[in-house]
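What follows is a pair of complexes built around chain A, which joins chain B in one and chain C in the other.
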Partner chain A sequence: MLEHVLNGLYYGSILFMIASGMTIIFGVLGILNLAHGELYALGAFCAFSIVGFVAGQVAAPTGPATTIVFGLVVLAGSLAAAAVLLPVGGALEAAFIRPIYDRDEVYQLLLTYGLLLVLTDVMKFVWGPSPVDVGVFSAINEIPTTELVGFSYPSYNVLVILIGVAVFAWLAWFFDRTKTGRIVRATAINREMSTAIGVSTDRMFTLVFAIGAFFAGFGGAMVSIGPSSASLGMGLSWLVLSFVVIVIGGLGSLKGAFVGALLVGVSSRVVTPYYPQLELAVPFLLMVLVLLVRPEGLYGTWGEIQ
Partner chain B sequence: MSRFLVERDGQTRVRLSEGMELTKSQSVLAVLGLVVLFAVPDITRLTSLSFQAIHRGILFGLAAVGLNLLLRHTELVSFGHAAFFGVGAYGAAVLASHFDVSSGLLLLVGSVLASTAIAVLIGYFVAGYLDIYFALLTLAFNQVLYAFVLQSGYFNYSDGLSVRPDGLNPPTLFGLQWTSSGYDLILYYFTVVVLVVSLLAMWKLVNSPFGRALDAIGQDRTRARFVGIPVEKYVWIAFAISGVYGGLAGGLFALLQLHVSPEPTLYAFVSGEILFMAILGGFGTLVGPVIGGVVLVYLLIQAPFYVEYYNALTGLVLIAVVLFLPEGILGSIPKIGTGLARRRSDPGLLREDVATVGSSLRRGVSRAVTTVRIIVFGVN
Partner chain C sequence: MTTGPTTAADSGGIDRRTLLKTVGGSALAVALAGCTELLEDGEDSLADADVPDEPIESGLQTFTEGAPSVLGVQAQYGAETAVRRINENGGIAGREMNLDVVEEGGAYLTNYQQFVDEGKDVTFGPISSSGHAEMVPEIEAQEVINVSTDGTVTTLYEEDFPDVTYSFRFQNHDVMEALAAVMQAVEVLGADSIDTYAGINPNYAFGQDEMDLFSRGIEALTGAEEVYSGFPDLGTGDMSTHITEVNGEAPDVVFSSCWGGDATLLLEQGHANGMFDAVDLLVGPVLYGSANDLSEDLVDGPIYSGSRNFYWGEPSTDQWSPAADLVSEVEDEYGVVPTAHFMSGYGAVTAWATAAEKAVSLLGRWPEQEELATVLENHGFFTPAGYHTIGADHQGYSNAHFGELTWSDDHDAAALSDVNVFAAKNVSPPPGETSADWIGSW
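Right after this comes the complex of A and B.
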């Protein structure tokens, strides 16, 4: 049971990294980014190249100390892989999404769906059609974590859960405590007023999109380092699940995305072993339930959606 | 003026019935479209176009026509129309493989009944919601259905069901057992008839008081309620009607493919595709979704045979439609027509067009470059 809960938390952490970007992009820009799943996949592929390269530069771990060094190097590598998404996300926003803020939402959906298809083929062009795997998963599992309390569980998953919490903490700090974060929230609440007091909404939107892309990419890096590999279709199911998460949490709410992600992750992993036929349906049943009972989601929104 | 020709706004219009009128050029286009529809089997025999792909495109287009009732009139974005399409397809498949119903028409009746029931059920829950919540709620119901079918032995999991009542031959059409190519041909002509009848019915519907009420609901729900329109009930009915279209298309799809599996009929991305067909063809028009359906399905099915990066091709088409043809393919024809006429009389405009396209591309690229520079170096 504990193992299933931990699995759920691991799953939820990854889900949060993707859904957080989607929810802040929706909350601030008012755009439901269908291409977000592909940004996540792009992060996974970048991690394959970059982490693969940096992990090759250090020796394979032999003892506990070298394992931790190795783990840190891999973490730095996946941060670097996610950092690739910053300029990519910014450029996508500036070139394609900026011209359509005033348009009907159906056009925004259509455009981001077009971007999804194009990004898929860009990745196919660069990394080829077959899945790729970084293959540092087992080395990281040498780092002792759960063994210390007499329980066996992959250390990597524990680390990802911790990273997920850290990402949430950083985002909450950024939007609550920093000046830039507050400006972003002000822009979300009233675009015209923030323009009037001298905020460049274009810059803010680009920044938000880039941050969202960064965390999606980071989530992708975490997955491709982990037990699964980076493949072309990997973004789709996560994209649909991220919808579920941000709807459960409340569109545009960061806290909601965190709670929603963990809820979806844990409930689906805990239910699956007992009722395998419910595996796919559980998140959506949750979503239907939440929408019918509390249409604005668990936490409502912190930025008004225009 | 005879019964079928009326004079209005200084133009002679062809009048089919109360409120259903066409201008001269529209009627020429409509007749041309009908001729092309009926000639498709011959055209595809003579050229390298794919008959199957066009047939499938028309079916998805029919589902998109149903979706367009919601999108165009009540301004609700449904992201779950694959539910009706898929339920329609499965309705036929279940009747054929579990109950050995061999008549194609009965199978179709079954699929329409099944999808109507599902649409009525889902519509009951979603009719009160708006905007993105409506879209996501329909998506959720769609995915629940998908997950249910995928996990259910009755529907044979992800392998799906075969639509061959005796396990070998396709269903009978009009009481006769056809050979394989004859079956495809008869089914195609039947599809065309169904399509034309459905389009006429939809046309009649949107010109009826009910259609006008839906327009009012789309423009302003509160006002619609004030003038006495039962908003939720009408949205519910519209949702059920669009479900009928989806089910009809799905049932025909099952008869065409003779095998139904969850992935190509029920998955959430099929919903997205149906929605995008309506926008691509022009959701401000009646026939636009059908054209969008044929174009998009053709791209999705046939492009892999010609180019390796077929997804990018489809994606670029969609992006181009959003940026340059916001009214969709059919909706832009009048604009393109007048634009072409003006350019023929004044070729200097062409140079301006090139300059406009060039400068907008340049602006996009320079915006992207500036942004990347700011992100990478911190300054512009």
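Right after this comes the complex of A and C.
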């Protein structure tokens, strides 16, 4: 059972990294970004190129110390891959999203769906139609983690869980404790008032979209350095599950996204061995249950980052 | 029943006379078998046939992008190679062939209808089992022959569409590869040593069909008990739950029909979670379909894979050079090792092309769709993979291959060693009998 719970925490952590970006964007901008899954995929492809390059610059790990160094290099490469999404996200917001903030939701959905298709073609043009694999997964698993306490479990999974917690902690700190984060929250709560006191909502919105894209890309990078390959279309299923997560947690709630992602991850992994046919259904059953009991989601304050 | 596999040495070679007699002396058939050197004395008996001048228009739908493209692009390469060889050898009864390739993902019916609207003479594909099942009624309604490259669910022609005219399938169907996996497991471990088995298969028609047939077969041959069966979503990003369960049960044999990115994921997470220390054997009918995407560390362990109706090292290259020539050609042209999915495309085109030429030879003119469909039934032909037949049930029958997953430094790709070749009659039911009934009668 412990291993299933760990599997769920691992899966939920990946899910949180992707869903966090989506809930931030929705919470502040009010945009349901259908292209979010492709931003995640773009991060995975960037990781293939960047992590592949930087990992090739260091010697193959031969012992615990060199393995840890290798792991840090891979992590730095993953952050660099996600950083590519900062200007990409900012440019997308400034060029395409900004003109439609005041339009009906259907325009937002159509536009972001169009961006989804464009981004897919861009990735196909740059990296080709076939899956690509960074090939560092087995080396990451050489990093000593659980075996130090007499338990065998893939180190990659452990690191993803730890990184997921770190991402949540950083986001909570950013939005709660920093001036910029508080301005972003204030803008989300009342745009007019924020503008009246001199906040540039354009710049805030661009920043928020870029941060959302960064975390989507970071999720993609973490998947890409793991057992999966980067491939076209990889964002679709994660996009759907991200919607489920932010609905469970409450649209716009960071804490909700974290708890929702872990709930989806753990419940699906714990239920599957006993009821394999429910593997795909569990997240949706959970969503229905939450909507029946708390229609606003577990921590939902619609339209606000919390 | 006979269950013993044959090795390359047993399967024997084929001499020039036998080959030419078998393929009717047709230059095209010999060329598609990869034996153009035998054409020196060939005669063109089709010169007087009433055949249109226009090129043959054909269409292939396959996965050209995303995770399934691991298989789909191989099928595309195969079909393109066959068409290239056809045109380099004078066409089909003098007619050159054009091939349009489209992405099949989620648009099986639309693609087929589009091909028909464009006036295609023949269509090929899809890879998807569910897509193929969706297409069959439309193929019968439109009356334009389709030769499926894969789409291998056994019940398709056995139960769902037992009486079709224009729908054909070249690649071996599920029962052949599931039973080849059973026999491979029995050969490696011994029937008495297999008490338990488990399965991790993709959650759709193909994976469920394969697991069902494997279960029937291994229980009939060994009396083994199923201890776990999981069905992760096709294209999933995580199989750790299923692997954890398998590790907990520690079965003697694990069966997995995962393919493409799923196959790579299974091996990656299997190694990371110690699955190959917990089980005695993993048998996977299509793991080798990802040959060009596997790394050397992934093929380590007690892992045996099928390779459907083609493995490039069988028949033995010292007796059947067309396979070796094909590998060289494909590596030069596309930079990959051809897998069974390459042969899915190559064989589907070859089946139709050789049948079309045979029909022209018989009729003295280009055949109508119905006439060509009649010729395709019980049609036999060679490819570099060996000899194939399209049965009266419209299903293709060829040898099934299975071997231990290993690594080839020469090709810088995964390879198979100790390859067993299972004759079609040993891994598929006799005509008129369903696979389930046949296995039940063992």
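General observations
Assume the second predicted complex is superposed on the first by the 301 of 306 C-alpha atoms of A that agree within 3 Å, B and C clash if a C-alpha of one lies under 4 Å from a C-alpha of the other, contacts with A are read in each partner's own complex, and residues count from 1 in each chain.
We take it that a residue touches a chain if its C-beta (ideal position, glycine included) is under 8 Å from a C-beta of that chain, and two chains touch if they have at least 3 such contacts.
Being a predicted model, the structure only gives us computed values, none of them experimental.
By the touch criterion stated above, A:L280 is placed in contact with chain B and with chain C alike. After overlaying the two complexes on the shared chain, residue contacts for A:E105 are found with chain B alone; chain C is out of touch. In the superposition on chain A, A:N157 makes contact with chain C only, while chain B stays out of contact range.
Look at A:K124: by the touch rule set out above, it reaches both chain B and chain C. By the document's definition of touching, of the two partners only chain B reaches A:A95; chain C does not.
The partner of chain A that touches more of its residues, comparing chain B with chain C, is B. By the document's definition of touching, neither partner reaches A:L254: not chain B, not chain C. When the two complexes are laid over each other on chain A, chain A has residues 124, 276-277, 279-280 in contact with both chain B and chain C. Across the interface of their complex, chain A is touched by residues 71, 77, 125, 129, 131-133, 136-137, 139-141, 143-144, 146-148, 150-152, 268-269, 272, 275-276, 279-280, 283, 309-312, 314-319, 321-323, 326, 364-365, 367-372, 374-376 of chain B. Across the interface of their complex, chain C is touched by residues 3-4, 7, 10-11, 14, 124, 129-131, 133, 135, 137-138, 141, 152-154, 156-157, 223, 226-229, 231-234, 237-238, 268-269, 272-273, 276-277, 279-280 of chain A. Against chain A, the residues of chain C that register as touching in their complex are 64-67, 69-70, 73, 105, 203, 228-233, 235-238, 240-242, 244-245, 261, 264-265, 268-269, 271-274, 293, 295, 297.
For chain A in complex with chain B, the touching residues are 32, 34, 86-87, 90-96, 98-100, 103, 105-107, 109-111, 113-122, 124-125, 203, 206, 210, 236, 240, 243-244, 247, 251, 276-281, 284-285, 287-288, 291-292, 295, 305.
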